[in-house]
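Read from first to last, the chains carry the letters A, B, C and D; within each, the first residue is number 1.
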Amino acid sequence: MTREIRRLGVLTSGGDAPGMNAAIRAVVRACVHHGIKPYGIREGYKGLIDGQIEPMNARSVANIINQGGTLLKSARSQAFRTPEGRQTAFENFRSADLDALVVIGGDGSFTGATLFEKEFGIPVVGIPGTIDNDIFGTDYTIGYDTALNTVIEAVDKIRDTATSHNRLFFVEVMGRDAGFIALNSGIGCGAEEILIPEADRGIDHLIKSLERSDRTGKTSSIVLVAEGGKDGGAFEIAKTLEAKLPDYEARVTVLGHIQRGGRPSCFDRVLASRLGVAAVKTLMAGNSCVMVGVRNNAVALTPFAEAISKHNAIDDELLEVADIVSI
Amino acid sequence: MTREIRRLGVLTSGGDAPGMNAAIRAVVRACVHHGIKPYGIREGYKGLIDGQIEPMNARSVANIINQGGTLLKSARSQAFRTPEGRQTAFENFRSADLDALVVIGGDGSFTGATLFEKEFGIPVVGIPGTIDNDIFGTDYTIGYDTALNTVIEAVDKIRDTATSHNRLFFVEVMGRDAGFIALNSGIGCGAEEILIPEADRGIDHLIKSLERSDRTGKTSSIVLVAEGGKDGGAFEIAKTLEAKLPDYEARVTVLGHIQRGGRPSCFDRVLASRLGVAAVKTLMAGNSCVMVGVRNNAVALTPFAEAISKHNAIDDELLEVADIVSI
Amino acid sequence: MTREIRRLGVLTSGGDAPGMNAAIRAVVRACVHHGIKPYGIREGYKGLIDGQIEPMNARSVANIINQGGTLLKSARSQAFRTPEGRQTAFENFRSADLDALVVIGGDGSFTGATLFEKEFGIPVVGIPGTIDNDIFGTDYTIGYDTALNTVIEAVDKIRDTATSHNRLFFVEVMGRDAGFIALNSGIGCGAEEILIPEADRGIDHLIKSLERSDRTGKTSSIVLVAEGGKDGGAFEIAKTLEAKLPDYEARVTVLGHIQRGGRPSCFDRVLASRLGVAAVKTLMAGNSCVMVGVRNNAVALTPFAEAISKHNAIDDELLEVADIVSI
Amino acid sequence: MTREIRRLGVLTSGGDAPGMNAAIRAVVRACVHHGIKPYGIREGYKGLIDGQIEPMNARSVANIINQGGTLLKSARSQAFRTPEGRQTAFENFRSADLDALVVIGGDGSFTGATLFEKEFGIPVVGIPGTIDNDIFGTDYTIGYDTALNTVIEAVDKIRDTATSHNRLFFVEVMGRDAGFIALNSGIGCGAEEILIPEADRGIDHLIKSLERSDRTGKTSSIVLVAEGGKDGGAFEIAKTLEAKLPDYEARVTVLGHIQRGGRPSCFDRVLASRLGVAAVKTLMAGNSCVMVGVRNNAVALTPFAEAISKHNAIDDELLEVADIVSI
């Protein structure tokens, strides 16, 4: 089955992720390649409701592959959660005479896309763009690899200064519900301990770990904390620990939105380029309400319903590696 | 089947690759974890012949995960290619009372390891460490991801200055026999054309591509050249092109050994940590003459014979993506 | 007047600063150049008391010019604040047969050095090494330039994501008593507002500034906060502001010790190389209790007493520039 | 004396330099601050002749302070070297009703500006923007500090791999007539030898230096070569040296236009912000045909005639430091 598409809209939705621009660029140029006219929708679903829809071409995405953020901007839209909002969005969509939609974002964005498709029959394909790597159906989300590098580059600098005895550095990273960033960047930066939602062994385990470090001659320790764990953020845990181990001096870094920006890594740019090209092909092949992802190095499709409801689990092998290499 | 190992040697061999230190660290700490005494052999096979074998411990690999190069240094050894050289190496190996060997390097290093195992029955496991990503049996070699980032960061800077009309930038990257670096970094940096050994379409195709860029309004173009292609390096191609297209002003950058160094990316550090831990486990499980790699996100074993003789092919999907996104 | 020096000790003291290694390297190599035997004292004054004094040579400082932190480590020493501690330090100094001392650190380190010179007549020269740039007698301290770059690289990433309306980013930087980091990195990163101890115009001024930004069409704002200002750190100010401006969503980043590490910038490496060479010359010329700094691009000497008691003032021109360019 | 300015044009000319955007931004916002209407002229003098003059405002320079290159683009203009070309430029200037001009560029750009002022009485002020730091009247040109960091970051990576014996790395940097980049980045990266036009001691000195390195135990050496020296570029010198020292294996890196791009350093951003603000003030104060620079940390004016005809000399102190720290 194939679908004829004359005009295609693309938008970015949800939190920014490095590589979103590379995905937009790939969608736009794949359209040009296939004779489809690409349109950019600004500020996500909000812009669809506000009618911010503009024609793009191969040159309008020049020199953006290396830029963080998103050229089309992203915004939250309460209005799109209402039937009235989606109705207005649909009317703008039709006024612009668009045939299909590519949504770059996270699972919240795919939920909105699913409703839009169900209510108005708009063919829509999703591209996973979020630093959290928490979307089922793809081994990697766009922006995740860059965020990992951002975290380890920051922690590398802390390591330079970690020469005094009994000094403890807490670094809070993103990942409210998913510990992928904390676990992988924790291995990557050589953290002595990693606190993630999926395998939070509590403050007492942390204390034991620090005592072991002390015995084995470590002069200082770096602890990575995923935001929103059960023991609180980095500042809370640092306070708790200082109360229990008064010899230790704790220093806290909260990386915050730094993790959402920055020039995308090569991995993210290539991933985004592949998925952008694949999204257009997938729409042309007649699919809808599916996400294009990468599984086992090949492009793979996952229905939105599955991408939203299922979750990638933390790999036990990685947890074991983290334990072993932090000895 | 399991093998008892009391003392294990580890060496790095061949060209440096970022992440080798992370692999050494993981091997050493996995040994400590399993009650094995780790020994570092300096300067690869050369050091094995010279008797540069020293005990290591968890602390001797502290603060190296973020360093490029290799703590154990790497060197070429003509002597190890001779039976006499390997005999001396074996005697040193036995004097140090080592039971097994981990070799971090490329296919040349695995060839040496194979001979060493055959002649003296030393159990040996390999870890793929090379920026070229040209080893069969693993989706990624250690150092490759970092090298890609190094290339795109360099080319990003060139892109900033590429504002004048009819300006042509040639950037020569590594990859004498394999175009993985050029192809992937070429997509990542948004190169207008990528010249790789596996799919070299010649100067004439390049000229056509530049003429197309001109028509579509590109003001300047960046061409990635893998060293050692049939039309020569970047300087040669630039000269040929300027002769054929006198309106163009060509500028050349030769990245050279910059690509072999630098702080490893998070991807390479995690990969190296996983493979280091897996190498020790693999030896303990009784295997020998195999390489530990990562395939489809899981650790996988490949016999040295296969890793050496077979080659990863360039993915057609990527070639197509490269063509489409460079419109 | 000249002084004959046969053996010279060098130590780093106080908080780490990028470029300290380059300064150590320059001191050691200048010694070698002048026929003086260089000795490294580990962990600052603490190591002097503990007798951690070791001979160095041109090769022992190889490959450190590009490393953050300090090879000789730094530590605080309560003991050195006591006459008994300094007596022990002096005995170790004499046992090692050292003739002179170079101290790399901040004003606290120079205070200790002054006492050591007064009590025991040890010739000592200081090199200003601190990221805060708050030492009188030098236009730049070693590490300051690198810290500025660290801050702006972090904030650049935040800027990528600052696309939504009414979003407010607070970034807390170091500088308890001196706003040099906040003011200069604030200009460098294009902060909308900069809160520094020397010119803290209070929350109300910040609110007015945000309202102006709103009127002139800014979609989001970045506020740099020097730690320890009168309105508290970034988290406190963010809370106060969200209470007063409920439409704004505030996001907080606390950079912390990231600012003390990282590869030194070229500026800091050259500065450290110049000052390290100058420190040895200054001792050879018979001086003592002086700091070598750079003023108006030339090496300049300042007595410790002056370097400790006086302070560089924030330049009014810079404050005005900050106001104008943040329109 | 003061001059009333209602509308002011700004252009960038000559080779790109990181920080030019920060300077444009400062000029534009200083105009807004003083009630002057700012106009951007694209592609330098070429755009002035072509009539590419557009109004700007505070928002049109948003989010550019951290970008390399120049928003206004830069181009060479043969036409502006002719009286006819300048006449057309003047007519466009008058049509746009502009009162004054700010030129950001190098000495070639100031030569053009001088003619334009003489022939048509247009008040013009220059801002030194070039990576070469070769303009008299300012201690630093915009872009120079960033270029130094670009070079040392590249060479740092080479240093990681420089572990084998008798290996020699040649790195060619920019600076056809001025060795500032080579000398300062050479000190910064710890180069064993630096070949600059101003103090080229020839191949024989280089050979002696390598022999000394050999004796003192250096395993490998890095040589920085300023392009266009009397012994040729890095490739030529490498060949000559390999012929004379067959034991050495030479590796060459040519950085090329990488040095002109990249995100500007904090130093360059602050410098550019100060000079942009100062340029507008200088015009308002009634000056013309002068360059605003920074001398001894303060803004200083230099007549174009002097800025063009005189040259900064290489500092002997730095040459001595380079010799000492490379021991």
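The definition used in the following text is that a contact is a pair of C-beta atoms (placed from the backbone, for glycine too) under 8 Å apart; a residue touches a chain by one contact, two chains touch by 3 or more.
If you want to know which protein each chain is, UniProt gives these names: A, B, C, D = ATP-dependent 6-phosphofructokinase.
Computed from a predicted model, the values in this text were never measured in an experiment.
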Problem - Recurring contact interface, reference A-B, options A-C, B-D or C-D [over half identical by residue number] - result: C-D
Practice task
Write down the chain pair with more C-beta contact pairs when B-D is set against C-D.
Solution key: C-D
Fill in the blank from the handout: Whole-Å distance, C-alpha centre of chain C to that of chain D, is 28
Problem - Averaged-CA centre spacing for the pair chain D and chain B, given as whole angstrom - result: 36
Handout entry: Where chain A touches two or more other chains, by residue
Key = 156, 159
Fill in the blank from the handout: Per the touch rule, the chain C residues reaching chain D in their complex are 25-26, 29-30, 32-33, 58-59, 62-63, 65-66, 139, 145, 148-149, 151-153, 156, 159, 184-185, 187-190, 216-218, 263, 265-267, 269-270, 273-274, 276-277, 296-299, 317-318, 320-321, 324-327
Handout entry: chain D residues touching chain B - in the complex, by the definition given at the top
Key = 15-16, 18, 67-70, 73-76, 150, 154, 156-165, 169, 235, 251-262
